[in-house]
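Quick one: structure below, then a few questions.
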Amino acid sequence: MIVDCAIYEEGKRRDGHVDLSHAYDERHQPGKFVWIGLYEPTEEEFASLRSEFNLHPLAVEDAINAHQRPKVEVYEDMLFIVLKTARYVDPTEVITLGELLVFLGDDFVITVRHGEASSLAPVREELERDPKHLSRGPGAVLHAVLDRVVDDYQPAIEGLETDIDEVEEELFSAGRSNPAERIYRLQREVLGFRKATAPLVDPVARLAMGKYGHIHPEMHDYFRDVNDHLMRTRDQLDAMRDLLAGSLQANLAQVAVRQNDDVRRISAWVAIIAVPTAIAGIYGMNFEHMPELKWEFGYPAAVLVMLTICSLLYRGFKRAGWL
Amino acid sequence: MIVDCAIYEEGKRRDGHVDLSHAYDERHQPGKFVWIGLYEPTEEEFASLRSEFNLHPLAVEDAINAHQRPKVEVYEDMLFIVLKTARYVDPTEVITLGELLVFLGDDFVITVRHGEASSLAPVREELERDPKHLSRGPGAVLHAVLDRVVDDYQPAIEGLETDIDEVEEELFSAGRSNPAERIYRLQREVLGFRKATAPLVDPVARLAMGKYGHIHPEMHDYFRDVNDHLMRTRDQLDAMRDLLAGSLQANLAQVAVRQNDDVRRISAWVAIIAVPTAIAGIYGMNFEHMPELKWEFGYPAAVLVMLTICSLLYRGFKRAGWL
Amino acid sequence: MIVDCAIYEEGKRRDGHVDLSHAYDERHQPGKFVWIGLYEPTEEEFASLRSEFNLHPLAVEDAINAHQRPKVEVYEDMLFIVLKTARYVDPTEVITLGELLVFLGDDFVITVRHGEASSLAPVREELERDPKHLSRGPGAVLHAVLDRVVDDYQPAIEGLETDIDEVEEELFSAGRSNPAERIYRLQREVLGFRKATAPLVDPVARLAMGKYGHIHPEMHDYFRDVNDHLMRTRDQLDAMRDLLAGSLQANLAQVAVRQNDDVRRISAWVAIIAVPTAIAGIYGMNFEHMPELKWEFGYPAAVLVMLTICSLLYRGFKRAGWL
Amino acid sequence: MIVDCAIYEEGKRRDGHVDLSHAYDERHQPGKFVWIGLYEPTEEEFASLRSEFNLHPLAVEDAINAHQRPKVEVYEDMLFIVLKTARYVDPTEVITLGELLVFLGDDFVITVRHGEASSLAPVREELERDPKHLSRGPGAVLHAVLDRVVDDYQPAIEGLETDIDEVEEELFSAGRSNPAERIYRLQREVLGFRKATAPLVDPVARLAMGKYGHIHPEMHDYFRDVNDHLMRTRDQLDAMRDLLAGSLQANLAQVAVRQNDDVRRISAWVAIIAVPTAIAGIYGMNFEHMPELKWEFGYPAAVLVMLTICSLLYRGFKRAGWL
Amino acid sequence: MIVDCAIYEEGKRRDGHVDLSHAYDERHQPGKFVWIGLYEPTEEEFASLRSEFNLHPLAVEDAINAHQRPKVEVYEDMLFIVLKTARYVDPTEVITLGELLVFLGDDFVITVRHGEASSLAPVREELERDPKHLSRGPGAVLHAVLDRVVDDYQPAIEGLETDIDEVEEELFSAGRSNPAERIYRLQREVLGFRKATAPLVDPVARLAMGKYGHIHPEMHDYFRDVNDHLMRTRDQLDAMRDLLAGSLQANLAQVAVRQNDDVRRISAWVAIIAVPTAIAGIYGMNFEHMPELKWEFGYPAAVLVMLTICSLLYRGFKRAGWL
C-alpha cells in the first residue's frame, strides 16, 4: 500500500497530491528528491518502483518478505537499510518488534513499514517544519527515521527496567513467590531485543564516519548521535542480561532458604506434639506398680507437665527463629 | 557415483546426455562451463576428475572422506568449499547433518554430496530456468547451492524453536515434569548446529566482498545476501544457547519449588494426623482419677474434639496454600 | 546556572569578576582561553554560549538533558566529552552517578555539571596554583577534571570492596544469614558502575595518543596516566563481578549445607523421642501374660531403659556431629 | 639420546648409518638436508648440535627442559616449533600429553621428543616412501610430523566424546548415580587438552600463509590442511566444554528431582503407617462408654478398617506416582 | 632507600663503592651504563634521580606510591615498566603481591621495589657473571628482572594447583566437608593473580617485537621467551578459573547428594521404629474380644513379630543402600 508520496525541493514539500509517475519525472532535477512511503507492499505494488529506481532484486525481496536481520547494505547506486522497531506491551511484558526498511539514493528515499512499525507521518511532519535540515537530502530523512526508531527503543528499555525492578522486589520480599518464570521470560525478551538492535551498531557507526555515500556530510554528526543511543541501548540490554542471570541464581538461594524455613517450622511443631505423645504413652503403660497412676491429681499433673514442656519448646523455637 | 554431468553455454544447458570426456573437451571454449554432480564418490570414480581439473590432492581427500569443518579454501586455480546441510528430525528432536563439497574453477563446478545432504536436482532445474543468471558462470551455481543449503537451515532453526517453546511450556506448567534431559539434548543440538554453520560466516563474507576470484562481480551482492542469512542463523543459535542455559537454571528453581510444595503438603497431613494421635494417647493413660473417662459422652466428645481440630487444621493449611 | 567564568592568560587567571561578553572578546587573543563552569543550565542560559562558541546543536542537547553514555566526540572545531562521576553512599550501599560534560576548543573550555557531580572549585583552585601547567591551555583543564573524576572512582571502588569483604565474612560465618539479596544488589551496583566507566577507556586512550586535536602535546602522557587509572577501575570492576558471581554460587552451597545440618539435627531429636514412645507402646499392650508388668520395679526399670537409650542416642548423635 | 640421523638428497635417504659429523659436512650441498631425531636429550648430547646448527640458547633450553606452551618461534635462521602430543588413556579417562619440539632450518630439521610423545619412526618411513614430497625439504618433514600429531588428537577427542556420551546416559538413566565427579574430571581433561592445542591455531595459520620462511611454497596448502584439523579440534573441545558445563547443571536438577522422589516415597509410607497408629490410639483410650469395644467383632472390624484405609492410601499414592 | 648503585662498562662492574654523583658523570661515556636499585624510596630520596635522569613526574609519582596496574609506558627518552611480583603463602593459601618498577634509558636503569617484592641482589650477581650479556646494556637488566619476576610466578601457580588438587580430593571424598569457602577463596586469589599478570602480556609482546627503543636488538628473542612464560601463566590461571567455577557447581551436587543420603538414612530408621509402634498400638486397644491377648505366648509372639519385621526392614534398606 502506498501511504504517501511527496516531492521535496530545497527542503520544501511540493503542494498537492503527487502521483508516482510525476515523482519519477521530477526527481532528477537538482535540489529535488522524492520520498515514497509504503506499508506492507505486495510484489505488484513494488514492480513500478523497482524498475524506476533500479532497485536490486535481493533488496526488493527483503522489503516484501521482511523478517530480516537489521543491517545497512550498499548497492551500486543506493543504500538499503533494515531496522527493527520495538514496542513494549506492558500487561504481557513482551517486546513486539516491527520492521522498517529504507531504500536511499541520491534523489529518492523509499520507506517500507511492516507489522507493528508505527506510522512515519509524525516524522514526516516534523521534518517538513525544518526545511533547512530537509534540504540536506534523503540522508536527512534516513536520519529522522532512524532517530525515531532508536528513540522509541528507550520506552521499551524502561518498560523492561520497571519489570526487572518489580521482579527484584518480588524476589527479595517476604512473600513466597517464585519469579523464575517471569525472570526467564524477561530474559527471553532481552535476548530478542538485543538481537534486533545490536547488529545495527557497527553499520550506523560507518554511516557516521561517512563510509557510505548518498549522505550529506553535515549529517555525519547526526548519525553519530544516533549511534550513541544505539550503543547505550546495547549496553543497557547487556547489563540487564547479566542482572537477570544473577537474579535467577539469587532466586535459587531464596527458594532454598524458604524451604529451609519451612522445614524448621514444621519440625518445631512436630517436636512440640511429639513430647505429650511420648508422655501419654508412658502413662498408658500397664505396669501394676505405677504410683503416679493412683495419685489423686496425677492426671492433671501429667497434663500440666505436657503443657509446660510444650510451651517451653514453643518459646524456645520462637526465640531461635524457627517459628 | 556420478549423478549428473552437463555443459552450459551462455547459461543454457546443452541438450542430451553428456559424458565426462566430452565435457572435458568443451569446457575450454569461451562462455561454456561444466557442472558435474557426484554422490559419495569413491577414489576410483574421482581419479579422472582429479587429473582433468588438476584438483589438489588435499581437497580431493576431503571430498572423498567428508567430515570436514565448513570452510572456503583457495587453491591456485580453484576454490574448494565445504558446507554442512542440516535437517531437523522432529520425533527425536535431532539435527542430522550432511556434507556438501564444491570445487569451483573458471569453467567448471563439481558438487559432491555426502550422507543426508539432499539432492541438488531442484537447484539445477531452477537455475536452468534462468539462463541470464546461469550465464554468470560457475559462481552462480555455487551461489544457488549455498543459498539452498542456508535456506534449509531455517526449517531446522524453526524446529528447534518449536521444541524450545514446548520445553518452556513444560517448564512452567503446573505439571511435575523435569525437562532437564530435554533441555540438555536441545543444547547439544544447538551447539552442534552452531559448529556446522558459524565457521562459514567469515569466508562467505569474503566471497561477498570479492576477495576470491572465479566469481562474477555481479554475484557479490548475492553472496552478501546469503551471508546475511548465515549471520541470522548464527544469531538465532546464539540466542537459543543463552535461552537454554537460562532454562536449565529456571528448571532448578522449579524443581526446588515443587519439592518445597511437596514437603509442605506432606507436613500438613502429618500435623493433621498427629493431633488425634496425641489426644488418643492422653485418654489412653491409666490414671485412676480421670473424670472424663467416666462421662457418658466422653468418647464421642473426644472424637468430636479430634475431628474439629483436624478440620480446623485442614482449613488453615488450605488457606495458607499448603494443601 | 553559571557557576564561574574566568579568563586565563599564560596560565594565570585575570583578576576580578569577568562576565560572559567580556570573555567572548578576549579569548581570541593568543595565549588566552576562557573557562566557563555551569551547573544544570537551562536552554535559555545556554543560548548565548551556543552561538558564541558555535557549539553543535546535538552536543548542546546532550549537555542540557544529560543521561548520556560516557564518550569523547570530535566536532569540527571542538571536542565534547561526557563523564560520569561516582560517589559511594555507604549506608544504602549504592553508587550514585552524576554527569559532567566538557566542551573543549582551542581557546575555551566549558564544563557542565549535572546531578551529584561534585563542585569543580577545588580543581580550579589547584590548577590556578600551577600556572605553567595551565598555560598548556584548555587540555590541561580537561585533564584536571578527568583526573579528579577518575580519582574519585577509587573511594567508590573501595566502598564496594569493603562491602564485598563483609558479604564474604557473612557468607562463611557460622551464622545463618542468607546474603543473596546483598550480593545481588552489589552486583547491580558493579554492573552500573562498569557501564559508567568502561566506555571511556578507548576514547581516553585516543586522547593519550594525540588522536584528537585541541590538546597540547605535552598533555598526552598525562592522559595516558588517567587512562591507566581507568583501566585499573575497569579491571577491578570485572574482578568484582566475577567474585560476586562466585559468591552467589557459594551461597547456594552454604544454604544447602545449613539445611542439611538442620535436617540432621531435627532427625536426631525425632529419633531420641521415638524410642521411648515405642517402648511405652509395647508396655501399653493389653496382653494378659506380660510378666514385666507384674514386677515391682517394672515401671522404674522401663523408664530407666528409656532414659539410657535416649542418652546413648544423644551421645552418639553428638559425636557424629548431628547435634 | 640420538634416535636417528639421516641425510636426504633430492628426497631420497642416503643408505647406511650416518654419524653426526658426516651429516654436518654434507648438509650444505644443494638439494640435501639432514634430519636428526632425539629423545629426551641431555645438555651434553645437545652441545654438538647447538654449535653446528647455531641454535639459539633459549630454544635449546626449551628443548631440553620441555614443559613449554605450544608455539612457533622465528629465530634469525631457523624456526622452532613446540607441539603437544595427546593420548587418551581409557580406563582412567585421562589425556596424557607428550611434547615434541622441532628445529627447522633450510638444510636441517631436528626433532626432539619428550615423555609420552610417540615414536616418529612410522612418520619417517612413510615420508621416505614419497621422495617427491620429501624433496620439498625440511618443511615436508615438519608438515608430516605436525600432521601426525594433529591426527592423533582425533582418537583422544573421540575417547572424550565416548566418555561424555556415557556420562550423559548415566546422567539421565533411571539409576541414582551422581556423575558430578566424572563430569568434573572430564572438564579438567578438556580444559587441559584445549590449553595444549588452541595456542597452535594462529601460528600454524601463519605457516599456511607462508609468513615464515624455510618452507617450500608448495607446502602451504598442506599446512592449511593441518590448521583446519587444528581448528576442528579446538571447536570440538569448545563444544565439549559447553556441554559439560550444561551437564553439571542438568545433574543438579537430576539430583534434586531424585531427592524429591525419595521424599515423596518416604512420606507416602509414613502416611500409610500413621493411619493405623492413630486408629489404634483411639481404641486404646480408656473411656468407660465405648460401645465398639464390646462388640464381638469390634477388633477384627477395626483391623479391617485399618487395612482398608492403608490399601486405599497405597493405591492412591501408587496412582499419583509417589510410590 | 638506595640499595645498590653500580656502573657497568662493557658489561663489567666497576669495582668499589660508587656514589650517585659519580654515576651521573660516568654514564654518558659510550659502553657504560648505571644501575641504581631502590627500596620504597621517599620523595626526597628520589629528587636527585628525578632531575638527573629527567624522569617524568607521572612516572615518579607511580614509583613512589606504587599500587599501579602492570604496564610498560614509553616516555620521550625512557621506558617505565611496572611489574607485580607474586609469592604464595601456603598456610593461608594467599598470593601476596609486591611491586617492582623499572626506569630504563639508554645509559641507565633504575629498579624500585615495593612491599613483598624480593631482593634483586641474586639477579644482579647472576648478570655480573655474564659480562657478554650485560654488555647489551640496560635492556639486559630489564630482561633479567622481568625473567626473575615471571619465573617466580611458577611456584605461586604450583601452590595454587596443589591447593586445587586438595580441594578436588576433598570435594569428591567420602567425607562430608563443604569446601565452598575454600574454593571461593582460591577463586579470589586466582582472579587477583590474573589481574596482576595478564595486562603485561601485550606490552611484553611489543618489547619482544622491538616496538620500543632503548633495547638491544639481540634482546628481542629473550623478551619473547619471557612473554611465552607470561602467556603460559595467563593460560594456567584461565584454566584454573574455569576449573574452580566447575568445582563450585560440582560441590552443589555433592552437597545435594549427601543431603539425600541423610534423608534416606533417617527415613529408614523412622520406618524401622514406626512399625513396632503401630503393632504395639494395635495390641494396646481395649476391645473385649481380642483373642491374641489371652494367648499364653501372645506377648513374646508380638515382640517376635516386631523384631522380625524390624530386621527384615533393616536388611531391605541395607540392601537398597539406604543404610
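Labels for the chains are A, B, C, D and E, by order of writing; each one numbers its residues from 1.
Just so it is clear, a residue touches a chain if its C-beta (ideal position, glycine included) is under 8 Å from a C-beta of that chain, and two chains touch if they have at least 3 such contacts.
These numbers come from a predicted model, not from an experiment.
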item: Where chain C and chain E overlap in contact partners, by chain label; value: none
item: Distance in touch steps, counted as few as possible, from chain B out to chain C; value: 2
item: Cα superposition angle of chain A on its copy chain D, in degrees to the nearest 5; value: 145
item: Mean-CA-position distance for chain D and chain C (Å); value: 41
item: Chain centre separation (chain D, chain E; CA means) in Å; value: 25
item: Multi-chain contact residues (two or more partners), chain A; value: 249, 252, 256, 259, 263, 270, 274, 277, 281, 284-286, 290
item: Chain contact topology (line, ring, star, complete or other); value: ring
item: Ring of chains, enumerated from chain C in the sense that reaches chain E first; value: C, E, D, B, A
item: Touch list for chain E against partner chain C, complex; value: 56, 58, 62, 68-69, 71, 73, 75, 178, 180-181, 183-184, 187-188, 191-192, 195, 199, 241, 244-245, 248-249, 251-252, 255-256, 258-259, 262-263, 266, 269-270, 273-274, 276-277, 280-281, 283-286, 290, 292-299, 302-303, 306
item: For the chain E and chain D complex, residues of the former touching the latter; value: 168, 171-172, 221-222, 224-225, 228, 231-232, 235-236, 239, 242-243, 246-247, 249-250, 252-254, 256-257, 259-260, 263-264, 267, 270-271, 274-275, 277-278, 281-282, 284-290
